[in-house]
Amino acid sequence: MSETHPQPLNGDPAARVLVAGASGFTGALAAQIVWRHPRLELAAVTSRSDAGTRLDRLYPRYRVPLELTELDLDSLEGIDAAIVAYPHGASAPTVAALRGHGVLVVDLSADFRLRDLPTYERWYGDHGAPELLEGAVYGLTELYRDELRKAELVATPGCYPTASVLALAPLAERGLLADVVIDAKQGVSGAGRGGGDAMHYVTMDENSFAYKTEGHRHRPEIEQELAALGSPAPVTFVPHLMPLDQGELASCYAQTTEPISKAEAQALYADRYADEPFVHAVEGPPGLRDVRDTNECHVYVTVEERGRVLAFAAIDNLWKGASSQAVQNLNLMLGLEETEGLT
Amino acid sequence: MSETHPQPLNGDPAARVLVAGASGFTGALAAQIVWRHPRLELAAVTSRSDAGTRLDRLYPRYRVPLELTELDLDSLEGIDAAIVAYPHGASAPTVAALRGHGVLVVDLSADFRLRDLPTYERWYGDHGAPELLEGAVYGLTELYRDELRKAELVATPGCYPTASVLALAPLAERGLLADVVIDAKQGVSGAGRGGGDAMHYVTMDENSFAYKTEGHRHRPEIEQELAALGSPAPVTFVPHLMPLDQGELASCYAQTTEPISKAEAQALYADRYADEPFVHAVEGPPGLRDVRDTNECHVYVTVEERGRVLAFAAIDNLWKGASSQAVQNLNLMLGLEETEGLT
Amino acid sequence: MSETHPQPLNGDPAARVLVAGASGFTGALAAQIVWRHPRLELAAVTSRSDAGTRLDRLYPRYRVPLELTELDLDSLEGIDAAIVAYPHGASAPTVAALRGHGVLVVDLSADFRLRDLPTYERWYGDHGAPELLEGAVYGLTELYRDELRKAELVATPGCYPTASVLALAPLAERGLLADVVIDAKQGVSGAGRGGGDAMHYVTMDENSFAYKTEGHRHRPEIEQELAALGSPAPVTFVPHLMPLDQGELASCYAQTTEPISKAEAQALYADRYADEPFVHAVEGPPGLRDVRDTNECHVYVTVEERGRVLAFAAIDNLWKGASSQAVQNLNLMLGLEETEGLT
Amino acid sequence: MSETHPQPLNGDPAARVLVAGASGFTGALAAQIVWRHPRLELAAVTSRSDAGTRLDRLYPRYRVPLELTELDLDSLEGIDAAIVAYPHGASAPTVAALRGHGVLVVDLSADFRLRDLPTYERWYGDHGAPELLEGAVYGLTELYRDELRKAELVATPGCYPTASVLALAPLAERGLLADVVIDAKQGVSGAGRGGGDAMHYVTMDENSFAYKTEGHRHRPEIEQELAALGSPAPVTFVPHLMPLDQGELASCYAQTTEPISKAEAQALYADRYADEPFVHAVEGPPGLRDVRDTNECHVYVTVEERGRVLAFAAIDNLWKGASSQAVQNLNLMLGLEETEGLT
């Protein structure tokens, strides 16, 4: 493998893309997806902690033979777009600088997900670029497709909100949600690199537990989106870890404002997602293996005897829950086919 | 290892115990626990499908060097008690026969768990010994300790009801439960032997999904017990499988009939379980590894911002969820220390 | 997904391909690879046991929306090539019939791997089409590329021989092998569908063991190929199972006919595999994660203090060890780029 | 649980035992085994990095309610024996100090395993207490039982040497070993706490690889012991990691100085281990699950067609490979039953 080995592109690339923070799980995967994308050129991969290392040393399975460099905001010439995979809080200033250079940005952090500044400040602390909040588009593709085509700054949703909101959107859009409990389960990759003994193989093997039971930052994000769809319902949200690598299952328990039958609910979901390339209403409880390493979301809905609606969504937390959804949105921003490079 | 290798007993055994159906996961573990028990003698292990095989061939790790035989109801001489690990429906007639011979019975099936015959029939079909229902004691030790001391037939609770009811009992006993959602997760051993391709390593590895979303037999059992405690609340119950062997986590989301604070709830739980040898109110969300291969149940309760109570219980589904709880109850029935052979 | 959903092909398909025995692990994966292949058309998928079922029901993650049918040897019109994934022994007669109709065949069974009929009969029993043995080409692509371009019947190597021979080929070609021990480890998918309790998640979880220690059918196959390369050395071969799904590691311990230094050995390997698209001489012991879901083989060689050569090869047993190598060979047989549909 | 909760002892304790370095995997397990031991009293648990933390916070599943303190060599009054679980190199000075106070020591590090100082220095660097080497007894119980009864300083063997030497001892004792290849596989707990991203769940999940292929410190230890038994044969030793927690499998491939048949080898092993309480010659390749959480070692031997002997040993690397073997030896040093507290 040569360091200058170019991917075969179909004609000229639609954009030259920088991935900033490419040494973490989601940044590295985003880099790989861009690398293999038939219409994008991976112009650079950056990382403060691992600068000087080739990305395929850190992640051999991704096969991206580029050297990680330090991000230099003064040499962005020729960069059309950036995917930023920085920690919450650290992202905003860099995103602002990139936008200042006219670079299209898809941000993987939480910094531009919450439209309400006080809510952001409560859960994340000071915001580094509040002036950009208004223009940012929430990148849950299936809900904001039109806005995304014109967006210059996209906030990729959190992995839990992606699965949870897709599980509930058909109901929320009809204003049907009265009360929602979301029990979410995720593989260990969701915890990111690092983590020390808490993420040691020996700690997680044959183990499972809830965490952040006193409040998780993804709850206000889920509530924001359900309200935006028409159902400002209170949400109880509890995440769990499971002993697997990639995969996330949101099990949602909803009380509705008016009764809905199982047949009606299933028809509603089938209809809502009939034309979606990546979200499928399936015929039984979805399994994580069926969506691993894909941008897909499998959704199943049913209604129990006494009328509570049960809705399940399975995604790959690193793909549809982060990196591939980022590229799905970038495709739209660049006027490409939404599915390009993702199937 | 010799086939007649006796366990070292502290004095005379308190009882000679038969384990019927010892080739399944829960029967085999029950046999092991009895085998190592300082006051019990494992008199025989039976199995229709595996008769003639030594148990330590099927389950080397349990180290029980007895040969499985076919159950002969005409030669029960000297048998004081039996643990029956038959499938639902198949258990009742054998239990009736054993009781007819005066043998104390701890049944691991569902046949004597539901007190209401029509409810049993709806979920399980015809009942083989309905006349025994009234005298059967529900073997959730922490709730029925006094009755268990006098019991002659004990129905070991289902694994999900064990975790779920222990998670909710302190609230239920105060009549506080208004509405309950239980999202339960279990390792693959909960599915039992057999299962074919559905339980193949390749199917379950890196996988997780909900199942029986249209109704699981453990729901009426949970509702029965919560009502018996004082909270006849409707229960939504959905089980999931996770890629691990032994372990079960019940995540319970309860709306209460009157507000309760986090401090009050935690004090209530700490108090309720303060003297329990096996159930512990712990200080954070319980993990499965902490209870594996034990009769313990770790319970954690908290209350979210808007007042919903979150209660979590972790058990080993084969131990406290089945076989060790059976021995815990047998200890009581025989007048032994409840903890004997279980620590 | 429509049942007639065609894959987008680059121009006319190079061949219409049948996958026979598509309900097993390797057949199903072969069907998926053909389905996504830009130059092949998946004409039909067959299965005796699962006829009438759509393949994406059995293997949702492969997303092949075709219905399995029974193989009808009288209606092969328009079929140019077949990948046959039948059990050993059952394959030969079907392969003979397909060849009789002029269909190019890539066989995944062992039926045409051993060139010596008595050796086949010793390890597998009677042979159903011995007259085809002479014309069959052994499908270890990196060794038989020229023959494969002209082949009409290809025997895909066993998964263990693929990894083992690739690990040892550079030495074998120089006649350097004097004695070889191969300790091979494989994930549970290598055992195939079925398997009952032996392959139950609970059996294999946290477990590992050697098997077939008294002799495994892949040993004569490995010896045949090493001899063909120039090193008729005796081979000790022991396979093991590990608790993972896909992946195989062959650890080879070779005594050489003359001393070779670590630097010489590494140069030999680097040189031998420099131009291979899928086999890479890597710089340290290869890991299974790096080759999962790929047609790649990572090889590492070193020499210990006293002169024994250690050679390691990692592959995905279902991919390079079976199904993707079958397509790699089919590409050659059809005059396509060897890498087409595999990167 | 009270911090002063004493274990129930059978009469007076035989010894008051300190576990130094109790916050690592092997030290913590040693503390648990001592804690539950019917004849020992766990007097203190020490740790530099985690002093002030209760051990059952770090390892809830071990249920040892003692606070970790810093080791104070000036206040060892009443301490009869110590198990030292320090890193290699760091152990020797502390062991020397403890011995200076008359404390019996079982050391879990490598510092006293190699009898030859230059060999130690080559693999580990400077030795902190070479004057103690001569008096140290190598704690592979089954080989040095008589010496261990009189020992005051015992070096617990490495986990790999434990399995490897037990697999080969019956042959070595007859002087039969001419050449040995050992391919060893171990679960991730063998790597100890820490390890960072290399031991992250995501790194090891579905992964396996060889490591230390250019030379592992356990090789000279294995060679030392085989020579001591009568077979000074060269050893090739390569360790591998597998995706599981506890368990170790040594697969040994031996050429013998004179031919031995399978029947002779199996009789030799059956005879050699007939009276061993923890080492069993089993009838087929041993599996890790059968020995997990035990002090057992399962050994299987067979001979292949051309005469190479295959010997397999399975242990739990944390138990027989470290902590429980330490207590097995301590039992002997104290004149207790060897099996006490270990069954």
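Note that the chains are named A, B, C and D in the order they appear, and that numbering of residues resets to 1 at the start of each chain.
Criterion: a contact is a pair of C-beta atoms (placed from the backbone, for glycine too) under 8 Å apart; a residue touches a chain by one contact, two chains touch by 3 or more.
On a predicted model such as this, the values are computed, not experimentally measured, just so you know.
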Most distant chain from chain D by Cα centroid: A
Option in C-D, A-C or B-C whose residue-number contact pairs overlap A-B by over half: C-D
Between chain D and chain B, distance of the C-alpha-averaged centres to the nearest whole Å: 37
Separation of chain A from chain D, taking each centre as the mean of its C-alpha atoms, in whole Å: 46
Chain centre separation (chain C, chain D; CA means) in Å: 40
Shared-contact residues (touching 2 or more other chains) in chain D: 203, 205-206, 243-245, 287, 289, 292
In the complex, chain A residues that touch chain D: 25, 188-189, 193-197, 199-206, 243-245
Touching residues (chain side chain B, partner chain D) in the complex: 60-61, 205-206, 287, 289-293
Touch list for chain A against partner chain B, complex: 181, 183, 185, 187, 203, 206-211, 213-215, 234, 236, 238, 240, 242-247, 249, 251, 253, 284-289, 292, 300, 302, 304-306, 308, 310, 312, 314
